[in-house]
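In what comes next, chain A is part of two complexes: it sits with chain B in the first one and with chain C in the second one.
Let's turn to the complex of A and B:
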C-alpha cells in the first residue's frame, strides 16, 4: 500500500454543504460590496445632484447600517473559521502539532481523534475550548493572546501548556458515549474523573507529542 | 476645525478603506489578515465618530438632517 493511500485513509473528508461561516461570509461580502460602491458613488458622483436630506439618509445607511452588518458578518465568519484546524495551522508554530495529528502512525490522543473522523475539521477547537458557560470567550481570549505572541515573535520555545485541562472537556463528548460507559474502569473511576482527581491523560496518553520528540516551532535562518 | 463636509468626506474615505481591510479575512484565515480585520474595525469606528461629529455640528448650526 502506498504512502498516499495510507494518508488518504487517515485524513477524513472535509464537511460538505452550507456552513454558518460560509453564510456569514456571503452576507459580509454583499454588504461590503454595496457599501463601498454606494459610498463612492454618493460622495464623489451624485452628491451635488442629491437633496441634502437624501444625501444624509443615504450616508446613514452607507456608514452605519451596511458597515455594521458587514462587521458583524465578518466577525461571525472569523469566529467560525478560526475554529478550523486550517486556521490553527496558518501560524507555522502549530505545524508540529497539526503534523502529528495527520500522521497515520501517531498514537497521540489528537491523532487518534483525527483518524476517528468524529471532529476532524474543528478538532483543535473542540479540545481547546472550555465547556463551561464562558468557554468560547476564554478560547477566543487565549486565541488573541496566541496571535499577539505570534505576530510580535515573542513566544517562548518550547511551547508549553500552562493551564489545567479539566476532564469535563473530554467528558463533554464521551460521558454518554457507549464506548466510554461500557468500560468498567470508567465506571469505577467515575467520581474521581468527575472531580478531576484523576486525569484522562493518565491512562490515555498525551494529547500531543512529548517535547523531546517534537520539532521546534521557531524557524531559524539555518533551517 | 475642518468643515462638516470635510469631516463627512473623511468619514466616507475611512469607511471605504475600513471595509476593504475586512475583505482579506473573508478569503483566508492568516495571522496578518487578522491584523487587517482589527485595523478595518478601528477605521469603521473612527469613520462613524467623524460622521456623528459632522452631523452634530451641522445640527447645532441650525441645519437639518
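Let's turn to the complex of A and C:
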C-alpha cells in the first residue's frame, strides 16, 4: 500500500469534491510544514554551508513569507468554512432553525428550499448574505456579533431578525424565473419589493418556524 | 508626541478592537426599510379569511402592515392584506356630509345631514308605515354596528326590513347549516387543515379568493404527500392547478354531482352506517317534515347514478366515481366552498348535499373533517349571521317568525311585548324591487355599493333613484352614492373600533389606531345619532364599541352561540377567540358538537348535534331541479362571474390603490374554440348580452373555461358586469344566481 493510499484513507473525503476552503487549508498547512521543515534544515544542517545572504533570505522566507501565506490560507479557510450550515449550528441557539430546515414535515421556506435542493449547500449563508463584497462584509460582521452575544450570554429571546430582510436575496434567484415574472401581484408590487417596503415572506410564508412555535434557544440547567 | 513602534501597534490594535466590538458590531443593526414607531395587533380589512395583522404606525399614520406570527395565518398575508396600509389614504376618501339640494349633493354640517336623514325616514314611515323604511348593511361593518342597526330598525322602528350584501354571498350556506345542524356557521376550524387527507373544494377559487387559507392547505400538501385535492369548478382556476382531480363541471349542476357521489358512496359501502344510525335523519324539503329512511334516500338517488348525470354535469361517470371513491376512502375529508355553491338557485340544496356527504361518511367531528363554507367578507359571519341582521332573523340564531324568539329579544332589549314584527322583512333583491315599486320609500345603506353589486343592477338602480336614500360610506363617490339624498362620510378599519369575525368563527378586535379623515365618523356613531333623531335614543343605551359588545355578549348567553367568555380584555390580549366560549376561562372551541371540545355538547359519544330537537343532523333528499334560465339559440352561452387575487368585490377600495391600477379587470375569458368560431382575437371588444342587459369587455381566449362558458370578473369599474347577471333567487335563501346566466357573446365591430 502506498503512502498516498494511507493518507487518502486517513483523510475524510470532502462531501462535494474540492472546495476553496479545503484548497486554502491545504495551502496553509503546506506552507507551515515547508516553513518549519525548512527552518530546521537551514538552521541545523545547511547553515554552515550557506552563504550569509542566502541564509538571511531563507530565514526571511521561513519566518515571514511562508507564515504570511499560511495566515492568508487559514483566514481564507476560516472564511469559507464559516459559510457551512454546521458552522452556524455550532452555536446551539441555531438548532431550532437548522433542525426545522432538515425536518421533512416542515413547510417553512427554509425547509422547502432545502428539500427541493434549490440551494445544494451553505444554505444559511446563501439566504442570509447580501450579494457582492458588502454582503460578505455584513455577514462577517453579523457573525462576529452573534458570536459575541453568544459567548457573553447576552442575546435576547426570542431571537429576531434585525432590520428588514433584503428581498434582493430572494430575487437574485427568482427575479428572472417565469414563475415569478408572470404573477401580476409581483408586477404590481415591483417598486415596493425592490425597496424592501414589502416582504416576500408576507405572502410566501415564514422562512423559519414562527416565534410562538419555536423552542427557547437558551439552554437551561436541566437540559 | 513621541510613540515607540510597539505603542503605535498597541493603539492600532485597540482602535480596531473598539471599532469591531463597539458600535461597529454589537451595536450595529440592519436598518428598517420603513421605520415604525409602534406596532399594534389588528385584522385584515378584506375577505372572510380574517388574517391577523400587526400594524405599524409612524407620526399618526399607518405605514406598514404585516401578518401576525402569533395568528392563525402564521405571519402570512396576501397582496390585499399588504395593501391595508394604502386603503386609508386612497383618493376619493369621503370627508364631509352632503345633502342633495336642487339635484346636487352639497356639503353641509353633520347636524343638518342627520336632521335631513331623520326627516326623510319620518316622512316615509308617515306615508307607508314602518315597513316603508329599510336598512341595507354589509358584511364589512363591525359586529357592534350591524347589531345596533338591527336593534334600531327591528326593535325601534318596528320593521324587519334589515338585510345586506351578505344575502348576496352566503345566505345559502347560512340556510344550509341551519336546516341541517339546527345552527348556522361551520363546525370546524382552520386547524383541521393540518389533519385532513382529502380537500374537497367545490365552487371556491381559494387560491385567489382565500389565498392565505389556501396556502395553509398547500403547506399540508407539501408536508403530507398522501393528501389529495379534488376541485370542482367550471374554470381551471389557480386552485385547480393544485388538484389531484379537477372536475370541470357544467355551471349549476352541483346538486346532481353531489347526489351522484352520494349514490356511489352508498353503492360501494364507503359510508359510516353506525354514524348514520346514531346521528342522522333523512327528510325532504324542511327540517320539520316527516322523517324518511336510508332506503328512501337510496331509492331517491337511483335517478342520480353517475351514468345518468354525467352528461348533465359535463363530466365522465368515471370522474364522478373516482371523486366519490377518494372521498369515501379518505381518513379525514375536509370540504371547502363559497360563492360557487351559494350563488345559484339551487344554492341551499347544494349546501345541504355537501353537508350530507360528510354525514353519510361520518366525516365530521374528527380532526381534519367537516363541511366548511368560507365567507366572502370580513364580518359577514359575525356581524350579520350571528347578530341576525337579516330580514328573517334575530340575534344569536333566533328568527322573527317564532314568538318565543321575539319575546326573548323584546325582554333583552327592554321593549314592550309585540314590538318586534312577526313578519320577515324584505331580503336584498326584493328590497330594491320594493324601492322600485315605491313600497319602500327610505333606506339607509351602509358600507356597501348595491348599485354595482346587485345582479341585474340597472333594474334596481331605478329603485335607488326613486327612494330617499341615505348612504354611509368611506369612499365618495361610489355608484350608490350617486343616488344618495343624504351622504354620510364613514371612518373605516383602523380609524374606528369594533369586532370582526371570520370563517372559522373567530372573533377579533380591531382597535382604533388613527384618526379618520375630515369629518368622517364611525358607523356606530352615525347609527346612534340617527336613532336619537328618530326618537329611539333610549333604546340605544350602549353607545361605545365596548358597551355594545358587552350587551351583545349578554344577548348571546345561553344560546347555541354563547360569546359570554369573550370579554373585551381577552379580545385585546389574544389573537382572536372562537365560539362557543361560554366562560372567561374557556379557550374557545375549534370543533363544534364534539363532546369534550364544545362546552355546549353535553351528551356522550362521537357527536352531539345539540341544536337539533332530536339531536340528529338532517340529510335532505335534494333535487337538482331545472335551470331557471335555459340556453337558447338567442342566448347559447353561460356567463359566470368571480374574483381575482389582486382586487376585491366592486373594487371600490382596491380600484383606487395606485399599485393595482395596472391589473386588468375588464376582460371576458372565452374558450379559444368559441373565440375562433366568432372570429374574436385577444383584446378585441365583445358584447355580452343576457335577457337583462349588456356589458362590453375585452376578449381573453383562455383554456381556463369550458367551451360554451364565459367568465367575467365582478370587479370592473369601467363596465357593469352585473347588468347581465341573473337576479333569479334561491327559493329558500333568496340568494341570487350570479354564477349562471344565459348570454349571447358577439364581436363588437369598430365604430359601433
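The rule is simple: the second predicted complex is superposed on the first by the 186 of 223 C-alpha atoms of A that agree within 3 Å, B and C clash if a C-alpha of one lies under 4 Å from a C-alpha of the other, contacts with A are read in each partner's own complex, and residues count from 1 in each chain.
As a convention for this text, contacts are C-beta pairs under 8 Å (C-beta built on N, C-alpha and C of every residue); 3 or more make two chains touch, one makes a residue touch a chain.
Worth saying up front: this structure is predicted, and the values here are computed from it rather than measured.
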- First (chain B), second (chain C), both or neither: which does A:194 touch? neither
- Touched partner set for A:25, first chain B, second chain C, both or neither: first
- Task: May I ask you to decide whether A:45 touches chain B, chain C, both, or neither, giving the answer as first, second, both or neither?
- Result: neither
- Task: Based on the superposed arrangement, let me know which partner A:81 touches: chain B (first), chain C (second), both, or neither?
- Result: first
- Query: After lining up the shared chain so the two structures overlap, which partner does A:53 touch, if you call chain B first and chain C second: first, second, both or neither?
  - Reply: first
- Message: So in the superposed three-chain picture, is A:177 touching just chain B, just chain C, both, or none of them (first/second/both/neither)?
- Response: neither
- Query: After superposition on the shared chain, which partner residues are touched by A:118: those of chain B (first), chain C (second), both, or neither?
  - Reply: neither
- Message: Once chain A of both complexes is superposed, is A:67 in touch with chain B (first), chain C (second), both, or neither?
- Response: first
- Task: Pick out the shared contact residues on chain A: the ones touching chain B in one complex and chain C in the other.
- Result: none
- How about chain A: which of its residues touch chain C in the complex? 104-107, 112, 138, 141, 144-145, 148-149, 162-164, 184-185, 187-189, 191-192, 195-199, 201-206, 210-212
- Message: Help me check something: in the complex, which residues belonging to chain B touch chain A?
- Response: 8-9, 11-12, 15-16, 18-20, 22-23, 25-26, 28-32, 34-35, 37, 41, 44, 47-48, 51, 55, 64-65
- Message: Considering only the defined contacts, which chain C positions touch chain A in the complex?
- Response: 20-21, 24-26, 28-34, 64, 66-67, 69-70, 74-79, 81-82, 211, 215, 218-220, 222-223, 645-646, 659-660, 662-663
- If you look only at chain A, which of its residues touch chain B in the complex? 25, 28-29, 32, 35-36, 39-40, 42-43, 52-53, 56-57, 59, 62-64, 67, 70-71, 74, 77-78, 81-82, 84, 86-87, 90-91, 147, 150-151
